[in-house]
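As structure tokens, here come the structures.
Next come two complexes built around chain A: one with chain B, the other with chain C.
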Partner chain A sequence: MLFTSYEFIAFFFLLIVLYYLIPGRYQWMLLLAAGYVFYWAANPDYLIFLLAVTVLTYTAALLIDQSLVNQKKYLKNYGGEMDRQAKKEYKALQEKKRKKIIVWFLIMVLSILASAKYINFFILNLNSILQTMGSGRQISFIDLLLPLGISFYTFQAIGYMLDVYRGNISAEKNFFRYALFVSFFPQLIQGPISRFQDLARTMWEPHPFRGKNLQNGLLRVLWGYFKKLVVADRLLIVVDLLLEQPEKYCGAYTVIIMIFYTVQLYADFTGGIDITIGIAQVLGIEVQENFRRPYFSKSLKEYWRRWHISMSSWFRDYVFYPVSASRAMQKISKGAGKLWGAKAGKRLPVYLSSFVVWLATGIWHGASWNFVVWGLLNWAVLMISEELEPLYVRFQQKFAFYGRLPYRLFQVGRTFLLICILNLFDCYEKVSVTLKMLFSVFGAENWKIFADGSLLCLGLTAADYIVLAAAVFMMISVSLIQRRGSVRTRIAGMRYPAQAAVWIGLFLMVLLFGKYGIGYDAGQFIYNRF
Partner chain B sequence: MEELLNILRELHPEVDFETEEHLIDGMILDSFDIVSLIASIHEEFGVTINAGKILPQNFNSAKALYALIQEIEEED
Partner chain C sequence: MKAGLLCREIFGKSESEETYMKKRRNILILRALSTATVVVVMLAGLQRVLMPKYTGADREGSMIGEYYSQEKDHDVIFIGDCEVYTNFSPAVLWEEYGINSYIRGSAEQLIWQSYYLTEETFTYEKPKVLVFNVLSMMFNEPQRESYNRMTLDGMRWSASKIKCIEVSMTEEENFIEYVFPILRFHDRWSELTKEDFTKAWKKDPVTFNGYYMRVDTLPAENIPEARKLGDYRFGENAYYYLDKLTELCQEAGVELVLIKAPSLYPPWYDEWDQQIEEYAEIHGLKYYNLLDAAEEIGLDYSTDTYDAGLHLNLSGAEKLSRYFGAILAEDCGLPNRKQDRELALKWEEKLQAYREEIKRQKTLTDNSAAQ
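Our next item is the complex of A and B:
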């Protein structure tokens, strides 16, 4: 049951009616049931994974929380009789026990993710090693089920478990309430990866019906459908065709692939998140924003602060900081400082920890080498930019045009181009093909495709291109207006005929210009597969 | 406190760390700055700030950060 299916729309409207008809204290139970029905409808077997992740993280958090409570109680009762050293030793012992719990449960939860997503990648690499060593033996691949959105809800649940371990939040005692946090249906299959302290409690509270929530939420949902059906699924037709035959579609076509795929990815993912946030708002629940106009970024570093924010901040808080702040890293830093100077000593933890983060980010996106290379290329560009920072500062001080609009536009264009190039590594499973495609741009002799009508042989008509251009223009305009505040608040402040025109116009555009596949079943969201 | 202010000024000479209270919320310090800061604090104060303590409320001002350092020193 995809967001773009008729079944989902029927499911959603039925849920809204029921949600506001039943007493507020039962609403969260309805949402829990809805989450499980939604996931069951995608594939009943997926529920095993969801349940396993929920039970494991719930149990781990309870055990850790209990240990923390016991420690406090013990110190309260007997702390007065203990000296400083005894207290320190007691705390260290308890901490060691909690560490053991978190490590074991992390291994179990990550094993579920690995068994669903990465085992064939592991076999593939093992087979390559066996072949290189001259062994004739090859291990057969396993026919696996990859549950939709498993990376999203697994990471959300791990984040909760780690926050309890750090003592930043208390564990939730009610299993069903916690199960809702993991299975909240609008964000179950493509995020955002929410934090327990931001989301959970607002889900359990009663939510009386508010017209404003319904209006704002539905408008956001409609805007999400517009991005997905009018833009992303229209671009998908060209992108899919071009990716199928890299030998035929190279040179100038590579430029089309890079730009179309980058715009498609934006419309697809941000559209899906618009639908998620909009649905939650209709239900009176606030889900955090996952994007802040990322393609307006002036550098790759800024882009990663504005694109898929919940994932970047997850990796920052649960991978980057623990690795960089670890005692081992402090030792490395000290050693490097002695060898190469204080500056290098401070930079090394940043570079090494970032390497781990980008390796993990690449693997999170998919079980293949192209994603690993994509992650490490991001890392390389970020680190080179970091090293060149003093040069940029000198440049800024020397030239007056820095900071002016034309230069800022150049920076935005340059960053967009860089993102387009990096995104090409998403497109082909083989890195060698991606590199071949990239190099084919230089010395390409087929630039005439932009003028000789070749673009009309890629599955889209001239009318489609006009719709695309208008829709992209609308997306850019909305983003520009957003910089000065919420677009929906502006619309709500308009006179009723103008508001009605916006609603009807947007609805008709989705209905008339949306690209629907065979049997009116629109394409799956790209990020669902993660 | 003065040692901490010197470390912070080294990172961002343009910021008035004695009065600024939105170092994280105002995106003045990014994650790279925080890691450099943790390394410098470790060197200067001999204190290890673990990942669980890297929260906006502990890093939003020099005052809050200094309080955190003192808290860890006391615990140790």
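Our next item is the complex of A and C:
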């Protein structure tokens, strides 16, 4: 059951009715059942993965929590009789035990993710090595199931486990309540990757019906469908066609691919998140925002603070900080400090930790080298920008136009172009093809395609392009208005006829201009496969 | 303010506050209802405009729906695919034999669709004879969505229609898109023509009692050779619905007559013919392979077809109807109803329209030939 299916829409409306009919204390149970039905409808076998991740992380958190409680109790009871050294030793011993638990459970949970997502990538690379070594032996690929959104709920569950380990939160004792946190259906297959402390408790609370939640939530859902069906799936037609034949569609077509794919990715992912947040709001639950107008960023660094925020902060908190604070990094820092000075000693661990984060981010996005290269390119650009920062500052101080609108627009345009180029690595599985396509732009002789009607041979009619342009204009306008506050609050403040016109207009646009139904592959969202 | 709060605590809400709340609730309900009405009316109108009108080159989608505006006392109902709606002329059957007939044909009508259309037809009327063209026995499973639409969208909502949709849908189809066709045809917004607006609520019939008239000629010259099949046996599903059709007719007291229309293509294999013959014999049905009787009918495939042998043109359809009318009158004992004044008057009107259409099409054909 996907967000864009009729079955899902029926499921959602039925759920709303039931949700507000039953007593508030049972609402969370209904949500739990809904999550499992939703995932089961996509494929019954997916449930095995969901259950395994839930059981493992629940158990690990309980064991760790128990160890912390026991430690506290022990110290309370016998702490008075122990000297400082004995206490320290006892704490270290307990910490070691907990570390053992977390490491083992992390290995188990990550093994599930790896077995579903990365085993064939591993075999592919092993085969390449065997071939290079002259061995005629090749390992066969395994036909494995890749459950929708496995990376999202696995990371969410790992985050919970690590938070309990760090003592930031206590473990949830009720298995079913915890299971709801992992399987909350609106965010199950494409995030955001929520934190237990932000989401869980609001899910268990009773939620009385509030017209405002329904109104705001449904409007957000409708806006999400608009982005997905009117923009993303319209662009998908062209992007799919162009990506199918890189030999034919290169040169100037690469520019179209980069721009169209980048806009499609935005409309698809943010549209999906709008639907997620909107559904949660209808149910009275607040899910954190995952985007803050990312294409208005003036640098790549800023972009990554505004794009897929929950993933970036997850990697920051659970990968970057532990790696940069690790003993190994401290040693490297000291060594670098001695060799190249204190500044380098401070920076090197940051850069190396960032390298690990971006390598992991690339692999998280997909089990192929193009994603690894994409991740590392992001890292390289960010690190170069960081190194050149003093130069920028000097430049900005020297010229008066810095900070003015034209320069800000230039910065936004430059960052968008950079994102377009980086996104090209998402498009082709082979890095060599991506590079070939990228370089084909410079020697392109087919720029006339923008004027000779070639664009009308890519699966979209002139009317489609008009709709697309108008829809993109709408998305930009909404983002601009958003900078000054919530658009939905503004709409709610309008007179009733104007409000109704917005609702009906948006609904009709989705209904008429959306690419769905027979002949269209609206189905999956791009981020469902991650 | 304080006094007001105190009053509220003691006596509950004040009368004016209650009236205000009531008013506000009423306004909200009124707003919701009026908005819902506007949306429903708007959607209904849009749906009408967006649905294909089937009045141009693809008229076949209009046929099923035209039946409902007809009088319902037909002697014969023809049921089946294009081989019935292009090959038989009810006007000739009336003129020559006084037989009141109607063709409930549609493009690539599959046998389960024929069955449910018959079931639905029998709720309106019980003809004396039901003529079923057996070509659709070659299909054992749903085929194409576009053809499903041409048969199913025209049907009025009934239990038969629901069952018919369920068994006809291909994997890519969704029942909800039949309930709300706007979901299927929403993307026609960019190809709308003036006709989509002018014919959204009312359109002229495209058939003459279900007959799709074509007066032009394209001789049958190179009929593709029939390719050999691995298995000539009709599918289980096809037989299942043929059995159901037979039972339905028996229960309704309607004589089921099986025919194979004299179209040269798609091929009709001897092995298929044999199976239908056997079936007819076992079930005591009449079966006429009119393809074998082409000479006797007087069909000349160089002048009597408009698309090289797939379908008969007016000339061919009239010859076939004269021939088959005699069978209906003699073998099935259908009476000549020309004495029925009311019916005769209705037919007079229909015949006039029929003749005018012949004239119109002939002028068009002559003009295009002259050019």
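Observations, loosely collected:
The rule is short, and it goes like this: the second predicted complex is superposed on the first by the 525 of 530 C-alpha atoms of A that agree within 3 Å, B and C clash if a C-alpha of one lies under 4 Å from a C-alpha of the other, contacts with A are read in each partner's own complex, and residues count from 1 in each chain.
Following the convention adopted for this analysis, a contact is a pair of C-beta atoms (placed from the backbone, for glycine too) under 8 Å apart; a residue touches a chain by one contact, two chains touch by 3 or more.
Just so it is clear, the model here is predicted, and its values are computed rather than measured.
When both complexes are superposed on chain A, chain B and chain C fit side by side without a clash.
Looking at the shared chain after the overlay, A:S333 reaches chain B, while chain C stays out of its contact range.
With chain A as the common frame, chain A serves as the apex of an angle whose CA-centre rays point to chain B and chain C; its value is 160 degrees, to a multiple of 10.
The wider contact with chain A, measured as residues touched, comes from B rather than the other of chain B and chain C. When both complexes are overlaid on chain A, the residue A:R347 reaches chain B alone and has no touch with chain C.
Look at A:E386: by the touch rule set out above, it reaches chain B but stays clear of chain C. In the superposed model, A:N168 makes contact with chain B only, not with chain C.
When the two complexes are overlaid on their common chain A, residue A:S324 makes contact with chain B while staying clear of chain C. Using the contact criterion defined above for the overlaid structures, shared-chain residue A:P294 touches neither chain B nor chain C, since it reaches no partner. In the superposition on chain A, no contact is made by A:G375 with either chain B or chain C. The least CA distance from chain B to chain C in the superposed model is 41 Å. On chain A, the positions that touch chain B within their shared complex are 88, 165-168, 301, 305, 316-318, 320-322, 324-325, 327, 330, 333-334, 337, 345-347, 349-350, 353, 386.
Across the complex, chain B meets chain A through its residues 27, 30-32, 34-36, 38-40, 42-43, 48-52, 54-55, 75-76. For chain C in complex with chain A, the residues that touch the partner chain are 31, 35, 38-39, 42-43, 46, 145, 172-174, 176-177, 182-184, 186-187, 189-190.
Across the interface of their complex, chain C is touched by residues 6, 461, 463-464, 496, 500, 503-504, 507-508, 511-518 of chain A.
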